[in-house]
Amino acid sequence: MRQESLVKSISVRIRKRAYQVLDIPEADDGLSKLVTNALVLLICLNVIAVILESVENIGNNFGKIFFWFELSSVIIFTIEYIFRIWCCVESPDTRYKKPLIGRLKYIIKPLIIIDLLVIIPFYLSFIIGLDLRILRVIRLLRVVRLTRYSGAWSLFSAVIKAQQKPLIMTVFLLALALLIFSSLMYAIENTAQPQAFADIPSAMWWGLVTLTTVGYGDVTPLTAGGKVLGAIVTVMGIAMYALPAGIVASGFMQELNKRQFMVTWSMVAKVPLFTRLDAEKIAEIANLLEPQLVPPRFTIVRRGETADCMYFIVTGNVEVELDTQHLRLTSGDFFGEIAVIKQHPRAATVVSLTECQLLILQARDLDRLLEDNPDMAKEFKKIVQERLLESPELARNQNNA
Amino acid sequence: MRQESLVKSISVRIRKRAYQVLDIPEADDGLSKLVTNALVLLICLNVIAVILESVENIGNNFGKIFFWFELSSVIIFTIEYIFRIWCCVESPDTRYKKPLIGRLKYIIKPLIIIDLLVIIPFYLSFIIGLDLRILRVIRLLRVVRLTRYSGAWSLFSAVIKAQQKPLIMTVFLLALALLIFSSLMYAIENTAQPQAFADIPSAMWWGLVTLTTVGYGDVTPLTAGGKVLGAIVTVMGIAMYALPAGIVASGFMQELNKRQFMVTWSMVAKVPLFTRLDAEKIAEIANLLEPQLVPPRFTIVRRGETADCMYFIVTGNVEVELDTQHLRLTSGDFFGEIAVIKQHPRAATVVSLTECQLLILQARDLDRLLEDNPDMAKEFKKIVQERLLESPELARNQNNA
Amino acid sequence: MRQESLVKSISVRIRKRAYQVLDIPEADDGLSKLVTNALVLLICLNVIAVILESVENIGNNFGKIFFWFELSSVIIFTIEYIFRIWCCVESPDTRYKKPLIGRLKYIIKPLIIIDLLVIIPFYLSFIIGLDLRILRVIRLLRVVRLTRYSGAWSLFSAVIKAQQKPLIMTVFLLALALLIFSSLMYAIENTAQPQAFADIPSAMWWGLVTLTTVGYGDVTPLTAGGKVLGAIVTVMGIAMYALPAGIVASGFMQELNKRQFMVTWSMVAKVPLFTRLDAEKIAEIANLLEPQLVPPRFTIVRRGETADCMYFIVTGNVEVELDTQHLRLTSGDFFGEIAVIKQHPRAATVVSLTECQLLILQARDLDRLLEDNPDMAKEFKKIVQERLLESPELARNQNNA
Amino acid sequence: MRQESLVKSISVRIRKRAYQVLDIPEADDGLSKLVTNALVLLICLNVIAVILESVENIGNNFGKIFFWFELSSVIIFTIEYIFRIWCCVESPDTRYKKPLIGRLKYIIKPLIIIDLLVIIPFYLSFIIGLDLRILRVIRLLRVVRLTRYSGAWSLFSAVIKAQQKPLIMTVFLLALALLIFSSLMYAIENTAQPQAFADIPSAMWWGLVTLTTVGYGDVTPLTAGGKVLGAIVTVMGIAMYALPAGIVASGFMQELNKRQFMVTWSMVAKVPLFTRLDAEKIAEIANLLEPQLVPPRFTIVRRGETADCMYFIVTGNVEVELDTQHLRLTSGDFFGEIAVIKQHPRAATVVSLTECQLLILQARDLDRLLEDNPDMAKEFKKIVQERLLESPELARNQNNA
């Protein structure tokens, strides 16, 4: 009985570790880094293998090598897939916490479906003997998994989401123009070129190739009327570029503006640490601080990273993730100062709970600030001391790191 | 005599209902939604039918099905057309109020002309036996009617309108470059390629295909001089993209900036509900409020929608449309609060009469605000109570919804 | 002797009128408008004639008509050319005031050189019998003269001028990429395609057609190495679009931002008419006023236009051009109010002398303002009355208009 | 012994002069200008020679001329290369100060490596008899050296650097789309076109040519399925343009905004010269001053330039480079005023040490300011006088210039 519980406890610890290893690696987790890099390398090698295998000469001569490489890759990916599903319950995301329901929810995540999709073709061809070219191509989807490791899609997706409406309208306009001009072209050119403009779908091929300014030249209007209509379509192609380019440009501008809110005097004046300073001093500090807007669930500081700045919270809440404790900080609080002062790597990961406005103070500016303001330095050190006393883990991590 | 008036009264009520059904549907009008969706589906099916019919195999084999589908579609569209003209006098737009003049004005609206255009070809082919391919293509114009149902062209049209001048100038520059370079090319290449560059219009075909960077390759310069000139034209093609893309981008930026005016302290301070609060409190509320600029005749709130925010009017006038009453609100007033508090769908549609600057307060923020400020909450509830007393219809709708 | 002076005086008056007629027409100068429109029409007809004449069938069949049309056009343009040079001394531009030097300076203005260029070919072919195709094409340059009548190039040229440096650098980058990649392609493909990539200039033709994404397809790489290099070049083509589009977009944004300076409270408070109002009132007026930045020598108001707004000068100087008087107004002054109040067309043209920041008040807002502020209305009317007394011509124009 | 030291001293002076001559020329250094222009001309001639030599006719007929021109060019470039390395220790950049290590560091600078690369091929062909076409092409790299003389890459590189992340992501997206769609196309079209879509790399050639909208038309899909897939790819090509264009546009906007910080009242109030003025006067001056943000090591003023403005330092440090003295100025100081008052060319070069916020006052505005404020004028002149006394060299340069 006790032994069983021991087994279970070990199993949970292994699962926890497995989750950490397969997740995006913390800066001080060597094994996780190694595994991640190995997987990225394996995916890249796989993609190259699929491409090379398609070349007749290479495919025929080195067929055996390709087979064994594919076999071992699939085995590795299968193991990885099973591990991911097994340890997904360790994810901080509460949706996946329940042993069965949570895992089922995890399995239908798009990236996890792709994980499955890229290993199935091999088993299909192995078991049923089914070996279609299209199945081999599916193996290339492995490359999509690389997006898992490339962070910072947040700006991209924010822009696309904010500009969704005008972008969909542009697509609607494109479809409208395509439909009307292609069918007009069909009516005009059909008698002159019964092959190339045999029906409206054929004319739409010409229409799209022209509207997008690709212009293969495999189908072109020959009659005078067709050329006049074609001229109009080529000019409309410009609009089809100007509109999305303009929309995306303004979207990026807006998003960047939003993220770079102004650091105002009153923002700084509200930070408890600075309240006793006089107005001029606060204005000076406001110039030193850089603003940053982070979305919810954004990892602001990662354990093990080198520390070159500290943070003040203007609005929003963050959570300092220690192994045994989770500290919550809110408006007016600051964090990240210990690693800066002690010149150690970050001792804890800090994640935003809500959208937060943060002010960043660079390490070199902090030093100067504390030197110039002895009173403030005294208070600052007192708070730091209290924190280390209250959270012995923080102090320990600090010393180990 | 009395019977006649009764008939008339019923006829008017049917007409009113017909107008509501054919208009863009209110959120709680099931029949209107059904009819709209059915019409959208029918249009899409029609477009697909026209495209498929043009494919020889399909068109010949299923000719009869296409004919009967077309016949029934045209009958439905004809009925819709007659109904639209019959009930257009019910439109809130005063131009169409008069029985005869109003209907004539309505008939010459662009979208209504298209409604007619797409049904005429069928009758022409049926009655006169005239069956040109071009007439069949006209049926595709039905797709333009879909724009009636896709709202929010306002941003697009505002940008295009504001940037009209530079855009027209870009077109003028394009025409200028096209004319001069094409005729130069004609002068240079004519002797080497008497077929492809037979005259200036032929050279202009080459010019446009190159300036828009479509580049079919059906006509290309062969002489050294022609290639040098062609090189200049290809580079000018870049300018032909950079200019409109730049203009549209700056246009979108401007329009978006305009719509997202800054919420200033003084704006909030002027709202009567907040005047008694102290400066700090007002600054806090200013952070909660989102700005929105709406054009005249914009439907801000639609009856039956779920309510997640309330509105304060900074400038401009709006009208609350109840069945029997039309309330007018102006600067300093607020609306949409009842649905938020009672957690009901919107009880009335609210339309802007002039351009309005609105401040939006989210439901969750309102709750918090009222909790934190008991005095304000008391006053707020008093106003709400008075409103419900003054407008029993509002209270009734609220309870029915 | 006296007769001679009379002749001279008449000659001067004719010259003055001729200048007005040929210049961009004032809104109330019917003859000038007629002449301008006739010239624009004649230029357009000429362009069409040149294009049509190049088509063999039409050119041969209607040769005589084209000849006589060309003959009469050239005569008209010659007369216009002589008149323009004769009366250029009446231009407000002081550079052209001197009878001989001024006229010589005028002759070498780019647009005037084109005026000459487009009539010379005809005389050359007529006198020397020289009739080259290239000469006929030069006649098309007439279309450039249309730019004389299309105003508002100022925004375009301001953007291009401000972004000159990055745009030139883009061209430099394009040239650099073209040179290096084309010659590399020449080295790679020369043995495989000794015809198409015979030398570096031939390879540059391919390079430019690809970098600008025109892609005729008349020359494409065939070797594996060539295709890899070609792939790099096609991707660089994207940069060649993104850079200028981005530069132009940011240029337009900047220019538009500059022109729409913020109307601040202090700007309004400095206008003498408003100084006695209280702070709140001034804030209200600040919301009514629209800002406009005009470059030097910009015609703000044109005589004869309908008046729907008045102007306040924040910074800069303007000149009110009456027939006999030239009034100069400066910061704090206002103008254009008389036409608004009397609901007459503008009685005088107003031109900026320096760059001016103007505030525009719409007619309907002025009415409301004067109603709400009786004291201000009194002062306002007093100033208007004084102006009409001081400048009887203004009063007269007002009544005649 | 003494003679040796004399030789050394002369050698150092020559080296110093050589450095000045080869560096970007100061405005008043005639020899440096001459050498620079000669080198630019020689590079351009070399590029033209390489291009012309590749044309068979020209290359064969004028082979000897090309050889001798190449020989002399290489000799000049070799001398220049040796001189550059010899005198690099005179560079203000401290990294290159040490005789041996400094020179080695200098040799591996990218532009210096290119300097070597472009002369090596000649010696190779001369000594070993190796004469590959690719080596001749390398000579074209000389054109890259022109970037040394075209300043102001700072804006370009700042934009690219700031937008690095989204740009790399766009490239990643392009690669992803290319890989997946190309291999899909290979699977679909391979049986219909076994030649054109023989393997995935071949399909990727089609994919890239289509995604970048180049569209040669040498390879196009023929099957219905291939055309549908091709249609999707052409539309994705639009996104491949819209994204980078949008990113670059917003990047330029941001960078330009950053450089044009607002001139605030408090900035001006902090300048010691203005502190005694009243608030209204300071607001007036704030309108006259233009803001400029300069990066570190930026040459703000160059000796010998004509002077039309003076500078105030808001933040940062600059160094005034006199022949014998190096003055350091900081926040609140001003410079460039002497040349403006005396209407002489700049007497010294001023370089920023850190990023500096500067305020620019135009010469004409300075005159007016001093006239209007006699007190300020007195103080201003006192400071100028003190400076000239303290730095006799400045006074001397001023008089010589």
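Each chain gets a letter, A, B, C and D, in the order it is written, and its residues are counted from 1.
By definition in this document, a residue touches a chain if its C-beta (ideal position, glycine included) is under 8 Å from a C-beta of that chain, and two chains touch if they have at least 3 such contacts.
Everything numeric in this text was worked out from a predicted model, so none of it was measured.
Chain centres computed from CA atoms place C at the largest separation from subunit A.
Fitting subunit B to subunit C on Cα positions gives a rotation angle of 90°, stated in steps of 5. Where subunit A touches subunit B, under half of the residue numbers in use are shared by the two copies, so each contributes mostly different positions. Averaging Cα coordinates per chain places subunit C and subunit D 34 Å apart.
Here the spacing of subunit A and subunit B, counted between their Cα centres, is 34 Å.
Once the centre of each chain is set as its mean CA position, subunit B and subunit D turn out to be 48 Å apart. Contact with two or more other chains is made by residues 201, 204, 213-217, 241, 245-247, 249-250, 253 of subunit C. Within the complex formed with subunit A, the residues of subunit C that make contact are 213-217, 245-246, 249, 253.
Residues of subunit A that touch subunit D in their complex: 47, 50-51, 54-56, 133-134, 136-137, 140-141, 143-144, 146-147, 150, 152-153, 155-156, 159, 174, 201, 204-205, 208-209, 212-218, 240-241, 244-253, 256, 283, 287.
Contacts from subunit A toward subunit B in the complex involve residues 165-166, 169, 172, 176, 179-180, 183-184, 186-187, 190, 198-201, 204, 210, 213-217, 220, 224, 227, 230-231, 234-235, 237-239, 241-243, 245-247, 249-250, 253-254, 266, 315.
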